[in-house]
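In the two assemblies presented below, chain A is common to both, partnered first by chain B and then by chain C.
After this line comes the complex of A and B, so read on.
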């Protein structure tokens, strides 16, 4: 018999290498897990398999040339990252954004958020061993992608925003299509709850599993649904309002159970709230230009230190830049939500069963390229 | 001489029937999964994708057999064969019709239970011999699973034996003659819990065949592919076919013990067709459940067995004994 198995028989614990290629990690995350039977003693995430130096790229190319990178961080809610960068540079260079452009931004960001949550929903239940909900979620997601494709030109790695507005105006087809989608998608959410949420097995796997207290969130800087599932009411859209979000009436779903189920419910409710925001935005959208007219071709922000944060699908995405007055950034820093969300995995997963830990990891909603940047 | 012809014809018949079923149950599963998931399922190879199993089989057979460096060569190769052989042997005892049974054993039920436990052994063998930690975990899981589920399954089968007074599968079916109210799952005069014990047996056979939601041995989100992680080509193919063979055995046994085997629900024209209808209906239920439910955890599975199914089966055993004594 091999030495590999021989050793593990003698030791109390053994090491299991999950990833970088593993169905549960949804990307190139690697977990070095020390196991005691089926229990996890220590799970150490190893990052860096898809590191592409986005921050450094931001420092050695002009402000405009950094746009395509934003679509390749979190490929599931790329438009929110567009929004973060647009907001940052507009704040730095003092560019005014027309109101219509802000409305278009909000509509596309929220559609993108629903799309991201739908994919998470499918992939999460797939992690739990249920394959069918993925197909149902993709059915709906496909329609959002079609809508977004018609205005942005791409389906996944969006590069839609520009300084002072957006690249392309939305047309009547998009508005009617979005209204039709909302009408179709609303009744689907209760169906998802019927199919998935009430299921005995799902409850057994999610309720009281993966406890993440608000202290732990604070310690590791977790944001987004993970934080709101731990009972902290924090959403950048409400707490540090940006764009035209203050004009909409929406709730921030907060659950105090701190378990995987709470995080699941937060995301399901967020989809409903995003639908509300889109509906209001479609009603209120003003006429006017979709991009500011006087945006200089070569942007040179005043010397200084700038910061801008948005609520992406996975939590707070904030960008910070130090400008030295040239057409490039002196220092660029991206703070991505899932990097912080994963950091708590090591502490929270101690003593868990392997199956529970992977379900818990699914509930954190990880996107690896965004973590590695 | 007659005996030889009989053996040969049954051998050929079962091999053909089994070969057809193992290939096309895969097709049924994929097609069923497709329709449950709002997509088509296989449709390119042949009309309705009917030639897909042939294409799959050819592909699997033409693949190179790779034995991993870490693996124990002999056990690694033997495991899928053992798994398949054990499931095929079981078909010798299944009474498809009144006179359509390869070999009528007096202890048919006992024979099925004893040979069927080889499936659990072969999974452990394959998992251990692969020399992969995922496979090893899957193998150990499969063993604790089959130990946990064979107990309530056996106890439930014993209640049926007590009712029928025989372990002969033909005899058990014969006693359920008449309309569907004579079938064992509605035999309230034997024990008031019969419908529930039918469900217990059904659940246990689902767990015994390693089907979702109890497919912990091949939980792909945790253990990549479980005990079949290191198997490719026909090694994998044999494990898959053995899974369907076990599925058929589980459903046949449920049909025989609870649903009156070849008996017609209305008491007219009993025959093998009724057996097949019932068996395929149960198989379809397995497919349906697999594509609807998420997977349980090992703990959830063991809890279900030791905390609910086994105590219930014991109570049912006592109640049945009481009923037999009193009435």
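After this line comes the complex of A and C, so read on.
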């Protein structure tokens, strides 16, 4: 398609502004697009409309007081962000976590991941003009939110983890409720595939559109389903195991087509794998304390740099902190996955039809507060 | 990816830069020593990092979260990026740290390997706070473009050769760099 560029008779391009308030951007993202007819010459994302300077906030409060900020970055997979921060400070301060706490963490993170993928699925198909799947997805998602609300106390901006464990133990109601959810949700996934995946309109919009090669992913630092949709088998849960993930048997879905459809399929398959992880975790969860008994009130990590990465729903979320030995961080760096994933948009969308580019953007699964921080 | 090769090449690179680095190194220890004394008072567990060999430090992954830590001269960051690019590593992030007491900025580059066996490399360079110039690596890794632009936005570190060093997260009319330690809102 790029050969068509500049071949229109008038050789004229025009500027098009999309956003910051636009339903396809799912938040306050703005695109400055230079168009040649229906084809994109250059699409430049403009960020910062919901920038809150979380990194500075990390520097001027104690380690404990930074917890609520973690729920406000990626509001769809906030528990994975909790996990990243917990892991970082536990590594820095050498805090031991009881095994039961790690199991609870994994169960809630995976539930959160399914919930995030479900919302993405509904909203993505809505972008492409299909309304019904959104209602199905929200029906399932609602049940996860109810389950998580019963243990974490909140439905969206979770602040559930603590250093050395979690804030609240899970009870029998949660376990039976989660088992019932798994039983109900598992047969729904083939139904989604029947309803959506084979649909010819969807195929036309996604197959062979939005090509992102593995080399491009590497150069731009793209991770998560974008990378796995490009044929690279990389998942932090497998490649850099943290928490109790090595104890579970699960697969990492990888598709080599590099198109929007591949990214769609990766996320759909990931939901099944998350169900497997939760099921095993519920079977294996040991008794014991849900939070470490001896966690110092004033945490003072040894001077130096620390790094911790987790697999959030959108890719690698890694945190880097520089400690100066006091009870505050000297520098807190949050590396959000969609920031890197979107940075390849300008190169990948060149020569694409505008409508395809918006579908491609949907397949990147953007969450704007997480990019802007 | 060949770990030993990366280590060897980075070591050679960092060693090359050592003589030029001497003046800053001699100036640096004094504030650092004062720093450490203060820290010893605050916490008894003072950092016991092994000294860098030719600017290279093999870190304990379980304690730090990365395998290799390399200190290079500011003009060598592009060469370091090229070495890591040849071996197929991903640029994960670029960021800055403001060392106000030492009157320096530190620019930190995180690289990781996504092709299989885990390997994380940290490359760091120190620049003068009064004249914060460092070459851009966005020619090698186009993904660094946004990270460097953000670092300029928030720290005022000037990435020489960067194609679009404009305000990114902050509004276009901002005239401050909020992550500097002497920033007063």
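The rule is simple: the second predicted complex is superposed on the first by the 362 of 373 C-alpha atoms of A that agree within 3 Å, B and C clash if a C-alpha of one lies under 4 Å from a C-alpha of the other, contacts with A are read in each partner's own complex, and residues count from 1 in each chain.
One rule holds in what follows: a residue touches a chain if its C-beta (ideal position, glycine included) is under 8 Å from a C-beta of that chain, and two chains touch if they have at least 3 such contacts.
The structure displayed is predicted, hence computed values, not measured ones.
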item: Partner chain(s) touched by A:203 [first = chain B, second = chain C, both, neither]; value: neither
item: Partner chain(s) touched by A:38 [first = chain B, second = chain C, both, neither]; value: first
item: Contacts of A:126 with chain B and chain C, given as first, second, both or neither; value: first
item: Chain B versus chain C, judged by how many residues of chain A each one touches; value: C
item: Touching partner for A:14 - first (chain B), second (chain C), both, neither; value: first
item: Which superposed partner A:221 touches (first chain B, second chain C, both, neither); value: second
item: Partner chain in contact with A:24 - chain B first, chain C second, else both or neither; value: first
item: Which superposed partner A:191 touches (first chain B, second chain C, both, neither); value: neither
item: Chain B and chain C contact sites that coincide on chain A, given as residue numbers; value: none
item: Residues of chain B defined as touching chain A within the complex; value: 33, 36-39, 69-72, 128, 131, 133-134, 136-137, 212-213, 215-216, 219-222, 224, 291-300
item: Chain A residues within the chain B interface of the complex; value: 1-2, 4-5, 8, 14, 16, 22-24, 38, 125-132, 135-136, 139, 195-196, 199, 201-202, 204-205, 353-356, 358, 362
item: Residues of chain A that touch chain C when the two form their complex; value: 47-48, 51, 53, 55-56, 59, 88, 91, 217-223, 227, 232-234, 239-240, 300, 302-309, 316, 318, 320, 322, 324-326, 330-331, 333, 335, 339-340, 343-344, 347, 372-373
item: Interfacial residue positions of chain C with respect to chain A in the complex; value: 35, 39, 42-43, 45-47, 49, 62-66, 69, 88, 90-93, 95, 97-98, 108, 110, 112, 114-118, 120, 122, 141-143, 145-146, 154, 167-171, 178-179
